[in-house]
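The structure is given below, and queries will be raised subsequently.
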Amino acid sequence: MRRQLARTLLAQTFGVLIAASAGLAQAQSAPEALEWLRKIYQATHDLSYTGTFVYQQGNHSETSRITRRADARGNVEKLEVLDGVPREILRTDDAIRCYLPSSRTVKVDRRSDRRGFPTLLRGEISGLAENYTVTKGESRRVAGYACQEIVLTPKDNLRYGYKLYADASTGMLLKAVTFDDKGETVEQFTFTQLAIGNVSRDKVKPWPTTRNWRVEDTDATPANLEQAGWTIAADLPGFRKVAEVTRTLHKSHPVDQVVYSDGLAAISVFIEPVAPADKPVQTGLANVGAINIFTREVANHRVTVVGETPASSVQRVAETVNYRQPH
Amino acid sequence: MKAKISALMDGELERHELQEPLKLLARDEDALACWRVYHLIGDAMHDRCMLSRDFGARFAERLASEPTVLAPRRSNARWERAPWLGLSAAASVAAVALVGWLALAPREAAPPLAGPVAIAPQKAVPAPTALAAAKLQGPARIPLPSATNDYLLAHQAYSSRITLQGMTPYVRTVSDEAVGSAGR
Amino acid sequence: MTDRDIDRELVARAQRGDKRAFELLVQKYQRKLARLLSRFVRDPAEVEDVTQEAFIKAYRALPAFRGDSAFYTWLYRIGINTAKNYLMALGRRAPTSTEVEAEDAEGYEEAEQLRDINTPESVLLSNEIAATVNATIADLPEELRTAIQLREIEGMSYEDIARIMECPIGTVRSRIFRAREAIAERLRPLLDTGKEKRW
């Protein structure tokens, strides 16, 4: 508690100094807002809960049930999509498993280190404040909880903005809205029902698989694309490389993947060879909600850039992917 | 003994229980056959490759004619201090470079994508910067790639979202159908 | 990921001169590696040669393995390099090369057509073996079936399985063993008769 207070004071002092020295009408991240971010991060990491939430994008909406069991020995999170074709994702500390009962397939993505798993906000909060201005908004009720609004306004147009609504007492995230540079909502997810607290083990049991289920393992391993002759030279301030792997995506050949992140939004670059038998690679942009996907061909390879960012960012990254035969 | 081999192969024996089954595996053909069959079961459940019957024997021959490797005795202190079952935790702390659900810490070793960090003048709601907009032509729109679900699943491990946009109706039918029809 | 711990132990022993320990690792990963390498090389005999070569290379490189990564991760990389070198030595290129030669194109095309199968048909696990394993599993009492599936397909530790099945760890251990023995019993006659030439 004392450390938090000290940090807050420090942040406040620092904030004041910056404001004073900058002398410009610049919006600064309010220190209490940053503290709220920390609280939200902590909550999504520590809490057990079951709830139903709705994801909305345009006219499309999808309802899912999520159950999380936080345990000293390891966390388990289960996501079941309730609309349409049943799908289930189970996340444990060491793997993500995606169950597709309709095709009796389990896709497995193992992690070789038991690090715990992603929540809505992770890593250094101060890092986020480099790329977003974080401020407190109003109070509002969501799913019966009194929530505090926290707004993350991007400092450039390479990323989206977010409005987060967190339970005042636990910090649990109840609603998140992604907005674009026009201030319009791109997508949102919101809990319609949430119970925080004890979750029994049987609530996070995986989908019972039987014989004939295909197991597709991604076999992801570290890679070095530069050594293979690839360069990605995009100038995207605030984004740093966080992963570089080779994995099995489509069963016939390995795909390289490089991931960049600004602490909140991530961009993945996928590079895979093209066979003459394939249809020619179509260059262009596709979109799934807040996710933009840009495809192009480089040196007989299909380059696919996937990002939770405005279209310009993924296009920019894609256009700077280059190949030179290594010596 | 077979029960011990079953637990051994899963890494679920205590350190002090290892000696016996390992010694047996070193000299007893039945024990070795048991290890082989139990692993064959796992391979069958995963639909793995089959190999010719004498693969093992051929390899054993090759291995026998290889000069025996002897690694210099390294201090295994780090490993030995950690409890047997917790070894993977100790190793994971060291394995920063590996694929994993990395804690996103922008201050770590990996350099930024390029160039100095540019901070545009701040407004409450940012307007698109004219420079960036002018540079890019409107891109061609194409339909979602058929592998979108796979890309999104691979991507979402590194993203921070609770929702999985990958599993949306737009692409679901395409990929599920493709998998379903070929899956018989 | 607890079977990584047994890998570590076996590697440590192999590094101290115990070849049998390395053989145990080979028995564990041979088919998994072969399936991976069959993406580069299609002929079953070639797949076996390259797989053996990869294991030998791994054995020779063992002193350099520090255990910072999982053994299979390390083996996987050696496997891929071995396969690529093999192809290059034959004047063929690996699928991830930027220039796809005409003769490779055909091979690569075949691989692409195998949409739902990781490996060429000819190297898939013998139908009878796989069928026997699956049929036995389907016939097992539910608690044995669940236990072996959680262990083999989900790769869960006994501890996790115990949590999910809500029983003591000792029970998990026993169930997995009994499942394995039940399947092994049905398999042994198949393997012994010599009718099966490949598994």
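Here the chain labels run A, B and C in written order, and each chain numbers its own residues starting at 1.
Convention: a residue touches a chain if its C-beta (ideal position, glycine included) is under 8 Å from a C-beta of that chain, and two chains touch if they have at least 3 such contacts.
None of the values given here were measured: they were computed from a predicted structure.
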item	value
Pair sharing more residue contacts (C-beta pairs) when A-C is set against B-C	B-C
Centroid comparison with chain C (C-alpha atoms), farthest chain	A
Chain whose Cα mean lies nearest the overall Cα mean	B
Where chain A and chain B are represented by their mean Cα positions, the distance between them in whole Å	19
Chain centre separation (chain A, chain C; CA means) in Å	32
Whole-Å gap separating chain B and chain C, where each centre is the average of the chain's CA atoms	14
For chain C, residues that touch 2 or more chains besides their own	1, 69, 73, 115-116, 118, 134, 137, 149, 153, 159
Two or more partner chains touched - positions in chain A	112, 114, 214-215, 221-222
Contacts with two or more other chains, residues of chain B listed in rising order	45-47, 88, 91, 95, 98, 179, 183
Partner chain C, residues of chain A touching it in the complex	73-74, 92, 94-95, 97, 106, 108, 110, 112, 114, 201-202, 204-206, 208-215, 219, 221-222, 228-229, 251-254, 273, 275-278, 299-301, 323, 325
Parts of chain A lying in touch with chain B, wherever the complex brings them together	24, 26-27, 44, 53, 55, 57, 60, 62, 64, 66, 79, 81, 83-85, 87, 89, 96, 98, 100, 102-105, 107, 109, 111-124, 127, 130, 133, 153-158, 161, 173, 181, 183, 187, 189, 214-215, 217-218, 220-222, 232-243, 245, 247, 249-250, 255, 257, 259-266, 268, 270, 282-291, 293-295, 304, 306, 308, 311-312, 315-316
Chain B to chain C touching residues, read off their complex	2-3, 6-12, 18, 22, 25-26, 34-53, 55-56, 58-60, 62-64, 66, 68-72, 74, 76, 79, 84-85, 87-88, 91, 94-95, 98, 178-179, 182-183
Residue ranges of chain B touching chain A (in the complex, touch as defined)	45-47, 88-89, 91-93, 95, 97-108, 110-129, 132-133, 136, 139-145, 147-148, 150-155, 157-173, 176, 179-180, 183
Residue ranges of chain C in contact with chain A within the complex	1, 36, 39, 69-70, 73, 76-77, 80, 95-100, 105, 108-109, 111-118, 134-135, 137-138, 145-146, 149-150, 153-155, 159-160, 163-164, 166
